[in-house]
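Got a structure for you, written out below as structure tokens; questions coming shortly.
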Amino acid sequence: MSDQIQVARPSGRAAHVLRPITLTRQFTKHAEGSVLVEFGDTKVICTASIEEKVPGFLKGKGQGWLTAEYGMLPRSTHTRMDREAAKGKQSGRTQEIQRLIGRSLRAAFDLEQFGERTLHLDCDVIQADGGTRTAAISGAMVAAYDAFSKLKERGSIASIPVKHFVAAISVGVYQGLPVLDLDYLEDSNCDTDMNVVASENGHFIEVQGTAEGVAFDRATLNQLLDLAQLGIQEIITLQKQCLSL
Amino acid sequence: MSDQIQVARPSGRAAHVLRPITLTRQFTKHAEGSVLVEFGDTKVICTASIEEKVPGFLKGKGQGWLTAEYGMLPRSTHTRMDREAAKGKQSGRTQEIQRLIGRSLRAAFDLEQFGERTLHLDCDVIQADGGTRTAAISGAMVAAYDAFSKLKERGSIASIPVKHFVAAISVGVYQGLPVLDLDYLEDSNCDTDMNVVASENGHFIEVQGTAEGVAFDRATLNQLLDLAQLGIQEIITLQKQCLSL
Amino acid sequence: MSDQIQVARPSGRAAHVLRPITLTRQFTKHAEGSVLVEFGDTKVICTASIEEKVPGFLKGKGQGWLTAEYGMLPRSTHTRMDREAAKGKQSGRTQEIQRLIGRSLRAAFDLEQFGERTLHLDCDVIQADGGTRTAAISGAMVAAYDAFSKLKERGSIASIPVKHFVAAISVGVYQGLPVLDLDYLEDSNCDTDMNVVASENGHFIEVQGTAEGVAFDRATLNQLLDLAQLGIQEIITLQKQCLSL
Amino acid sequence: MSDQIQVARPSGRAAHVLRPITLTRQFTKHAEGSVLVEFGDTKVICTASIEEKVPGFLKGKGQGWLTAEYGMLPRSTHTRMDREAAKGKQSGRTQEIQRLIGRSLRAAFDLEQFGERTLHLDCDVIQADGGTRTAAISGAMVAAYDAFSKLKERGSIASIPVKHFVAAISVGVYQGLPVLDLDYLEDSNCDTDMNVVASENGHFIEVQGTAEGVAFDRATLNQLLDLAQLGIQEIITLQKQCLSL
Amino acid sequence: MSDQIQVARPSGRAAHVLRPITLTRQFTKHAEGSVLVEFGDTKVICTASIEEKVPGFLKGKGQGWLTAEYGMLPRSTHTRMDREAAKGKQSGRTQEIQRLIGRSLRAAFDLEQFGERTLHLDCDVIQADGGTRTAAISGAMVAAYDAFSKLKERGSIASIPVKHFVAAISVGVYQGLPVLDLDYLEDSNCDTDMNVVASENGHFIEVQGTAEGVAFDRATLNQLLDLAQLGIQEIITLQKQCLSL
Amino acid sequence: MSDQIQVARPSGRAAHVLRPITLTRQFTKHAEGSVLVEFGDTKVICTASIEEKVPGFLKGKGQGWLTAEYGMLPRSTHTRMDREAAKGKQSGRTQEIQRLIGRSLRAAFDLEQFGERTLHLDCDVIQADGGTRTAAISGAMVAAYDAFSKLKERGSIASIPVKHFVAAISVGVYQGLPVLDLDYLEDSNCDTDMNVVASENGHFIEVQGTAEGVAFDRATLNQLLDLAQLGIQEIITLQKQCLSL
């Protein structure tokens, strides 16, 4: 891989460079937390809603729950997809992603510190250009934080039950070159695709790597993880900035 | 009803005054037409997608088709609603609204003038504050026009197959006073609720009036239709302005 | 429209003439109310069933609920339709109609005057020839009245909680001529189709007008409403006669 | 069982006596065959519809197909049942019955003698008082015969492709007494319940016996089959009479 | 039928000979009862699971419930079938079979003698070669017995609530010859197919005979029942042997 | 982690030791490939079925397809789970696993080398004790190989289109100790759970690590990957042995 330097990414970015990332809070008015997260042309609305009860399996245990759902507007993509509500079922991909978002955010907050409440995270993609699930996780972190802030303002909880900030990013091997934060054009032509979720202390919450074409070796894996850890720290810095923390 | 003048609308508007209406074109980048329509705090993304085929029942007939779908983000509303894709079915209300949008827009365009193509309109509410279906119809008109413009630019059709512009507005009786363009607070407290779709020549496409509490008499119906026709003309003016027509 | 007199309706009826209407009470034996309603060749079985509980959202509020369902036998129509139970879902049209029936009948009765009970109205079309939803509403009124009479006989309620009788009729523009009570042949060739539900005092419960082909103007709308109000009064007279009121 | 003579059936009928059976042809107007069959208070509408195509697995084989569906109006029963179309699925009982009706009628007609057509039988119970499936089979026989007569009239087939008439009846053990044609009251209190379908030559198409409480011995089985064969011959006589054969 | 002796069954068995039958207890480790039943090449895993509650309609009545479910692995059959879980519904055949298994086993046990518990029987076919439902019933009897033995060992019940052993077998007419226990090759070429469930005292629980091609007469029915009663006694002997009773 | 040696695994195994693994070919008789795979007490039936067509999106492209489905018998687990076919939908977990199996096996075979055919892999868990998805992948490899051998024997393909063998194993952190091949008891008490799929040359196909409790650092990740690569090589040796390669 000594020649990696010659590979040009379609986006023109250097291998370790993120797309411009913006986090817009209070994007819609009803939700306790509402964030528009943009990773380049990928745009996801993340809302956090507090419900004053928990699912049946947690009733009476004195702890809270956090769950996530994910969807894409039918024409958020290059060609129109069928609407899942009209088809009457969510695809396997959708379920996989919303389970990932849920697990990632449950790792960020202490479920025992906000009473018998459920935090619902809804991540809806309005424009897709690669990396929707990592944008969703990164935006949902801020929306969830805002929702807990509101609970604290109301006096319902004493402090925000955050354990550590989490963020997510995709990495992949594009024409032999390990790169950070793939856009759609890069993603649909890469050999390996990995989504990494990590916390602010650099520890991993989720590592999901898939060889799309050629299997990847240990050295490549290590390069990808280096890039991911770098990118995640940048995103967590942005999350805290936008929350004035 | 001689005392109507004393009734104060929660919105502070006079009886015949619309909320501020904005139509933002090219709101997302993939769809042939993409409009964010805002009626006050009600915000709906309307996309128009061209598909190069028609449903089975029209195959080989040389004409096109136009169909619509409608959805609400789970937290577009005051309290979070269940996601229809997760429940596995669309509500009766959703189906009723998307059928209405489809009929209304089919009245605006000449299906025989754009070949064996389907125009899919997707109207997704990101923030709801009353009047989502009328905002959706009014915004979808512009999105559809843009999509047909793109078809014309590509040389696929000779001219935009518009018959006449259509727009929609709600009217209702709030505390005895017939008013135009109800917001959520007014809508949830009104006696009669009517949605009107009309064309630029003032003729009706749809009139759907429902007595929520007290049945309404003929005189009231006439006052409501006067208001609706007025409002629809204003919206059609806005549609044409934003299209520079 | 000065030449309207020359338009011959397929049914041979004058513009303002209803089809023969019959209401047969006690049509089946198990239901508290059971009416076969016939508008010409359109035949609908309307049953009213009392259930001694209310849906969850009304529990403990001391009031009742009224809800409706609608269906068509697969071969009630000219060509056989798929059975909705076999397909696993009700069509949008079915849901729209049953929501309309429910709203219309909830306007006829005082839900606060029959205790924590639910009245289920089932309207099943055994033969369709146009106007099934309006026949269903008109027949369900009688079936509901009979069911409440039975509740009163049992001593469960002190009086029948009727606010006012309601009935429904379709009107439309057939070859330029506004006509009352369209049969299938007229309905499938008309430009405008309107369903009107009104109470015995002539006030409107629902007005649902749709331009099938050409949009309709205000004058036409007024002519249609005149016809509808006339027809509804005739039907309400028949409802009361058959109940010996 | 020497004391059987002393057991009084709730219906007052002797053990071997059928309820009054009526078959009303042309009950509805659209279907090629349409029969209202009544076994006492049990009333079923049986329609036979001709479709000019066959299911995929028979395409191009030059033969026909016959299939059946069964349903109950929600308030055909003593207490209201949920509507299967609203629940989104047919019960196991419904599927079992419609499979039985289909098999029984496929035994009556020669599928190779009516071309690539499908005969759809729809059996819809409008009032239930026991024995709905046997009434359905017995009525569907006549509806199917009428539909094939219409095909012959149209010149589509040379002769009615009947192999032999079939009919069905229930038998059971009521308080130790084998009896014919159980009504609801008898059926819900019997130990053994058997549905028998047979042809005019006395041979069996289906024998379905179930011990509800106590298992039944061979002697009882024989008595039940004797009764069933007797009843089925009576019904086949009625079928032919009403068809003027 | 005097020449029956010359008909050779594909399996080479004489008319009254069962396939080799084995019952393997403790086939899997988690279930209270777990039996692999083999009728020749037909192999079914039957598990019996105790749940410490009853369905809603039995709550508080002090009695138990027993229910059954049936499934086939997609490639248990000659050609792969679609997976029912993936299709989102169980076929009519599956539901019919699991209802039959449930009724048959409820006849074997006294539901009033094991408290408010549910016994779930799961019968999953891993290899199919004809007679899966009769193998399932015969194996489920042993699995259920084992599960109740475990309940007794735990001291939850005083004795095993068995009323009588039940077993099931198929019989049919193969090329004119009544034969016992049809394998797939025989089953797919037979004229009449009958499944019989009986108890150890020779009484019938279920008799389900179907004429696949030619209707069958009373004499044939009697020969089939003779064979079935013979086979069932043999199976019940095997059940008791494997339970060391 | 210098004290890791003191942690005793519930299974008594050393950290790097697999459970006994067996692969039984020809486990059932109909499928082209059929393997019972056992990882200790985890038992999965893997069948490979050849279908002589491809899904719509590949028609006419001259290449094959490979897809997988996964299921668990209701009582394969400690407490009975609801049957997915009865519930009418597959869980998110099921879909996630079957997508993983499909991707993993598509990496093992060259889809362009077996014509327009589909290989269906069905992995059905009959007894679960942790690691069902990794056992399924490891067993499906052998079943798929057998199915392609059969295709080759038939002369349908010239050679077995294998690119490289793949196998899968789970690793995790149990009480601070990185361990290989977790059984249920270990799995339900571990902090980090990772499933790794790799090829015989040691390259990765899938790496899916999840922090159940505490996020994991880079050093731990490396230890887990070391263990996984070790275990996968052992399994691939077993796969080849049982295929006599």
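A, B, C, D, E and F label the chains in the order they appear, each numbered from 1.
By definition in this document, a contact is a pair of C-beta atoms (placed from the backbone, for glycine too) under 8 Å apart; a residue touches a chain by one contact, two chains touch by 3 or more.
Remember, predicted model here, so these are calculated numbers, not experimental data.
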{"item": "Chain labels contacting chain C and also chain F", "value": "none"}
{"item": "Fewest hops from chain B to chain F - one hop per pair of touching chains", "value": "2"}
{"item": "Contact-graph distance - origin chain B, target chain C", "value": "1"}
{"item": "Interface residue overlap between copies chain C and chain D, same or different (over half shared)", "value": "same"}
{"item": "Inter-centroid spacing, chain E versus chain A (mean Cα positions, whole Å)", "value": "51"}
{"item": "Gap in Å, rounded to a whole number, between the CA centres of chain F and chain E", "value": "33"}
{"item": "Cα-centroid distance, chain B relative to chain E, in whole angstrom", "value": "60"}
{"item": "Per-residue overlap in chain C, given as positions that touch at least 2 other chains", "value": "88-89"}
{"item": "Partner chain E, residues of chain D touching it in the complex", "value": "89, 92-93, 95-96, 98-99, 103, 107, 164, 194, 198-199, 201-211, 214-218, 221, 225, 229"}
{"item": "Complex contacts: residues of chain A adjacent to chain B", "value": "28-31, 34, 41, 43, 45, 47, 49, 51, 69, 71, 73-80, 83-86, 88-90, 94, 120, 122, 124, 126-128"}
